[in-house]
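Consider the two complexes below, in which chain A is the common component and chain B and chain C are the respective partners.
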Partner chain A sequence: MSDQTHDLDARKERDRIRGTAESTAPVILSVRDVSVEYKTPYGWMKAVNNSTMDIRRGEAVALIGESGSGKSTLGFALLRMLVRAARVSTGEAIFTDKNGTTYDLFRMTDKEFRTFRWDKMAMTFQAAQNVLNPVMRISNTFHETARSHGWNDKAAVKAKTLDLFKKVQLDPNRVFDAYPFELSGGMRQRVSIALSLLLDPELLILDEPTTALDIITQRAIIDVIKSLREQLDFTMIFVSHDLSLAAELADRVATMYAGEIVEYGPVRDVFYRPEHPYTVGLLNAVPPIVGEEFTPLVAIPGATPNLLNIPSGCPFHPRCPFATDICSTVNPPLVDVGGTHFVSCHNRDKVTRDQEVWEEMEATVGA
Partner chain B sequence: MLDMTEQTSKDATINKGQPIIRLEHIRRDFDTRGGHITAVDDVNFDLYPSDILCLVGESGSGKTTVARMAAGLLKPTRGQVFFEGRDIYEMNKKEFGEYRRAVQIIHQDPYASLNPIHTIGDMLRAPLLKHKICKSRAEATKRAGELLELVDCRPVENFIDKYPHQLSGGQRQRISIARAMTLNPRVIIADESVSMVDVSIRVSLLNTMLKLRNELGVTFLFITHDLAVVKYFAWEGNIGVMYVGKVVEYGRTPGVIGRSVHPYTRALAAAIPEADPDLTRSKEKLQLRSLDIPKLTELPSGCVFHPRCPYWIEGLCDTTKPKLIRIDEYREVACHAVEQAVARGEDPRDLAVTDQLANQLMRE
Partner chain C sequence: MELQASAEMIQQSAPDQEEEVRRSPVKVILGSFIFRRALRALLTIYLVSTFIFFLVRLLPGDPVQVFINKQMTQYGYSYDDAANQARSLFAIDVDRPLLLQYTDYLSNLLRGDLGTSMVLPGTSVVSIIQSRIWWTIFSVGTSLIIAFVLGSLIGMLMAYKRGSTFDGIASTIGSILNSIPNYLLALLFIIIFGVRLNWFNYTKMRGSVSSGQPVEFSWAFFTDALYHAILPISVYVVTSIGGWMLLMKSSTISTLEEDHVTAARARGVPEWRVLGFYVGRNAILPLFTQLTIAIGFVVGGSLLVEPIFQYQGIGMRLYESINQRDYPVLQGIFLVITISVVVALFVADLLYSRLDPRIRS
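Entry: the complex of A and B
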């Protein structure tokens, strides 16, 4: 019992350090001024706008935001899996592998990228059933993925796959020769995570890994991701609209709004000392669930902007209780406020979680 | 007739008088390609005026089926649905019409539930004119404006001539609420009505619905899988936790959320991640014996939860179905282990003792 308590303390301590202290690990992915646009009948729509962030080796970074914030688009752009109607219009993303070789993600040829993708950087998708070919056995999917990356030793692929299945707590015998329809949603999601790890990628992007799953299944996926991070050595970016998932899994959190990263910092800084009004607004809307105390919720006034018509200046200013004149004309830059915590807000000194301020604003703006 | 203004929200469960809706031993079977299933089995509820009742459960728990039976959209295989004391399937046409008007539904998906070729004004005017609540188009337009105000769609001119595609998801859901309110219903059945909107908008939608309940005395049957939503919306009401077709725990919201008794409710509460890094990472977990929800075609014998339950008592839980028993003034729980704890004189709400025991059992 005391051993377990000790383990728990040690883990908490590590989590605490991960969540606050400045990581000194080398940067694995450097994203600079990346913008992504979609072609629409009404012109180019900016889904991601001048996003800049550094991701350090070994970290788990959460991209959070509501629908239309650009979080998934950014994830897809990094793996060059955007739909045809989209383009990366500005910026660069540089990946540095463990040998120090750098890869310019947006300037590699398609052929080069096909070898790079899944080998160095892989992705798990939101709808796991769409990733798995319905007429192929799970085993075939794994073999084919390996073969297309030049790994032809079938026995070795099978051994690796079964080992991954064990790591994601799937029964290897039941799953390996099954068809996707024979598995539950949670199992398919775990298969998809195993598939993304088949070639030992250094960076894994997970798009909404627990969305649309039941609570207990969600918990199982969270626990699987946690244990994988303890056993294997990979960096992780996960995209989610769910703040609690970020609180649970992330070392670092980036809040996105209308295509921009508006706050980026260690998880405990972002949750306990948020400085961007939008992050504050999100946190006010998701109180703790357990406990016998009632926590009033406060909505963020107004609605998310139309991306074809993003407000001038700071995109959040029409919904922000702290906005001043400058906010409607000048878009604030993302500045370091200390301890690798970045915020883009003109009035960050005035930002408060005080609910009255928010309620007053809601009353004036309305729905 | 009960005076609705007299009811204090505090006494939600001990309201006297006649329930608006009573579900008595309702059961619903379906024949599917996979075989015969019982989606809902022996569910009982009383819904009193201006009550809030939330049904929570994972997919396949039968919560939506219960809602559809309460709304008269689906006939129970067994059991009865009463509206103001009358069985809805023994009503004459006029009475049934009254019931239909008094019970309205707000659906999950505001993109599917609003007709794209009608303006918001058309949608709100149609029922007002059809049911002769308003005598002229002008009067109906005025009333439509009032309804839009009621659901916080202001200024009204920005909404009334718009088509659904011109509105955001949150705004569309407000229109669905306004449309449900056209016939001055007494009960609103909301099936996952806020699940498709973003968190920042969700709260204000819930506030709008709470306003209908607090100011107009509308009764709510609210279906959701999201415990955070339940906690906020039904704080002054009741929760029924459903698991594969059965109610396993029922009671006042603060108690059910704060000190859950049934092992399934506890597992849910323990499994939910919280939006607070320290809290969520140090949360005590309740380990289940299995992750899989049983197939509805092959339900386990005895208590349907026993193959997953950490408190499972061999020879009892796998053979005998537990009944919902009352463990205190407000709470009902269907669990043999809880029943035995009560018989031993223990307080089953005492989390620490039972969970320690459960985790110990799991390790052995």
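Entry: the complex of A and C
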């Protein structure tokens, strides 16, 4: 009974902090000036540049941007799963669990992090169909994961797993003893989501959860994630280039460009009143998320910059229709424009979704 | 609440499982993986033995005719005398129709009768093969296991330390070893280590066992057999290990990049388990296919190496039989080689299906 009241309170709280309302929930993950670099034959390449954001307990945050904008890299960096050739060069990330214990993600030892990861913070991978060992039964994967974190009660692990399978709408008994090759792509993705929730993590990072799936399966997975969020208590960061997915699942959206977070705010603010020209460009490039009338799509002119040679000043200025002289020299800081909506742009007052501005820009850059 | 619900679901699905178990036992056996593979193995043996029969019979230069001619020129027999002699010696009735000869051959085969040698009249082919084949299986089998295990361990290490000095050196050595023909290395062994450096007494090491040492189950026999086999085994290992190293390296590198390896590490699976059950187990799968092919070349490899070391194995016997044109022995050896390869492949198939569940379905 008391559990139910607790659930109800938690849900109320989540509902309250969604949308544009200023959240009062405690910060679960605080990311400060994080930069990530890759070693290349031409020197260190900055894939994430001084990213700063606060994620509050219970929120769903979407990291959006084009390929190569650094969104996945940031996600992997937070879980310390970068490839060998990459390093976190600056910044810190502090995770605070529900008991108030803080964890400095980049300063924990590997051993400490091995027990921390998956227990407090877990991940669902982009090609989730391939995250299961092809020669190992699903049951074994779940038991092994639990055992690796000191949970040796096999019956309890099985009960928990079957329960999660039901929550992700899988037939528990068919799947539990199956091998991955006996399941479809969508089923494997659900198994992978269930696997990431096995140890009740407080924060879940989903890297492109629907990208590798067909459109029908995508829909099903989105519904699964939505219903999980209603049933379980976890905070979520998901990386995607799919704006409609972000609109549907996220409470807050962070737009990334050339490794920088250029706009961060509540989903309604960012999608209805975008103040960064790049977010505007992204929104103009996809069919409208709401509304009946069809507006012609406009592509953002130019291409994403070479990360080895990021333009001076604001990295977006060569492609920006609103760029002025200052943009090529000074990189604008991320400033609060009210209602926990942050934007990094010198000319944000002038930014509009006016199609003509963009079409004109496209013509000039194309010429 | 939810736990109870899942318990209900378990109960509901139980009858389905029982139904599956109740399938007719005959169907289960006929449909089983092992039965299908065994059937395929038997069919292969039958086809090859048929092929060998017609190959020998239809070859230009009838072996019986060769024998008759030899008797006539060497010992001055008349044609009829020589032909009668041949008939009684080989129990071959050249006048019978080919089809009847074929059925005779098959029924003899089923009774384990492969005929008698032409060069050593009265000695059965089966006894000749029996006296030789175990030596080859021992020497080649041991070296195959050593090269496979050692090669894949080194290859895995190379993959983990890719780009390092160790990897560079091992890759170079591996590709050099992989390109040396084994008979050449056998000669080099004798010339350099035996004759020039005089590290071992290569004349004493000839043969498969010292004369006077009885074939028995004893430590003395085992060490003696090993002493005589050490040279051919080293040659086989050295010439084949490079291939396993390079194969395992590339296979491991591609497995290391698989998402499930990264994911396992992310879940906190201990590193030794990641290496063994995620990387190693998946990386070894393509090598297993190669291993089954390598088994097929076992006797082919021993054909040239065994005569060099005077190792009394089946390869050397094959070599002698070719020189003497001892057709029944040749035919018997080919048949035994085929059967052993088919059996080896069958065993490898079963092992492979244990390693990779995808094969079983």
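Following the convention adopted for this analysis, the second predicted complex is superposed on the first by the 342 of 367 C-alpha atoms of A that agree within 3 Å, B and C clash if a C-alpha of one lies under 4 Å from a C-alpha of the other, contacts with A are read in each partner's own complex, and residues count from 1 in each chain.
Simple rule for what comes next: a contact is a pair of C-beta atoms (placed from the backbone, for glycine too) under 8 Å apart; a residue touches a chain by one contact, two chains touch by 3 or more.
Given the structure is predicted, the values throughout are model-derived calculations rather than measurements.
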### Task
Scan A:P134 for contacts with chain B and chain C and give back first, second, both or neither.
second
### Query
Which partner does A:P41 reach: the first (chain B), the second (chain C), both, or neither?
neither
### Task
Please indicate which partner A:F125 is in contact with in the superposed arrangement: first for chain B, second for chain C, both, or neither.
second
### Summary
Max touched-residue count on chain A (chain B vs chain C) belongs to chain B
### Message
Per the contact definition in the header, classify A:S67: touching chain B only (first), chain C only (second), both, or neither.
### Response
first
### Message
One more residue to check, A:E362. First (chain B), second (chain C), both or neither?
### Response
first
### Task
For A:F271, select first, second, both or neither according to whether it touches chain B, chain C, the two together, or no partner.
first
### Message
Just checking: does A:G100 make contact with chain B only, chain C only, both, or neither of them? Give me first, second, both or neither.
### Response
neither
### Query
What is the contact status of A:R114 with respect to chain B (first) and chain C (second): first, second, both, or neither?
second
### chain A-facing residues of chain B, complex
58-59, 152-154, 168, 170-171, 174, 198-204, 206-208, 225, 227-228, 231-232, 235, 254-255, 257-259, 267-269, 271-283, 285, 288, 291-293
### Task
Show which residues of chain A lie in contact with chain C when the two form their complex.
79, 81, 114-115, 117-119, 122-123, 125, 127, 130-136, 144-145, 148-149, 159, 162-163, 166, 172-174, 179, 181-182, 192, 195
### Summary
In their shared complex, chain A is touched by residues of chain C numbered 2-3, 5-6, 9-10, 13, 258-260, 262-270, 273, 277-278, 281-282, 285, 355-358, 361
### Query
In their shared complex, at which residues does chain A touch chain B?
8, 12, 15, 19, 66-67, 184, 186, 214-220, 222, 241-248, 267-268, 271-272, 281-283, 285-294, 297-300, 303-304, 362, 366-367
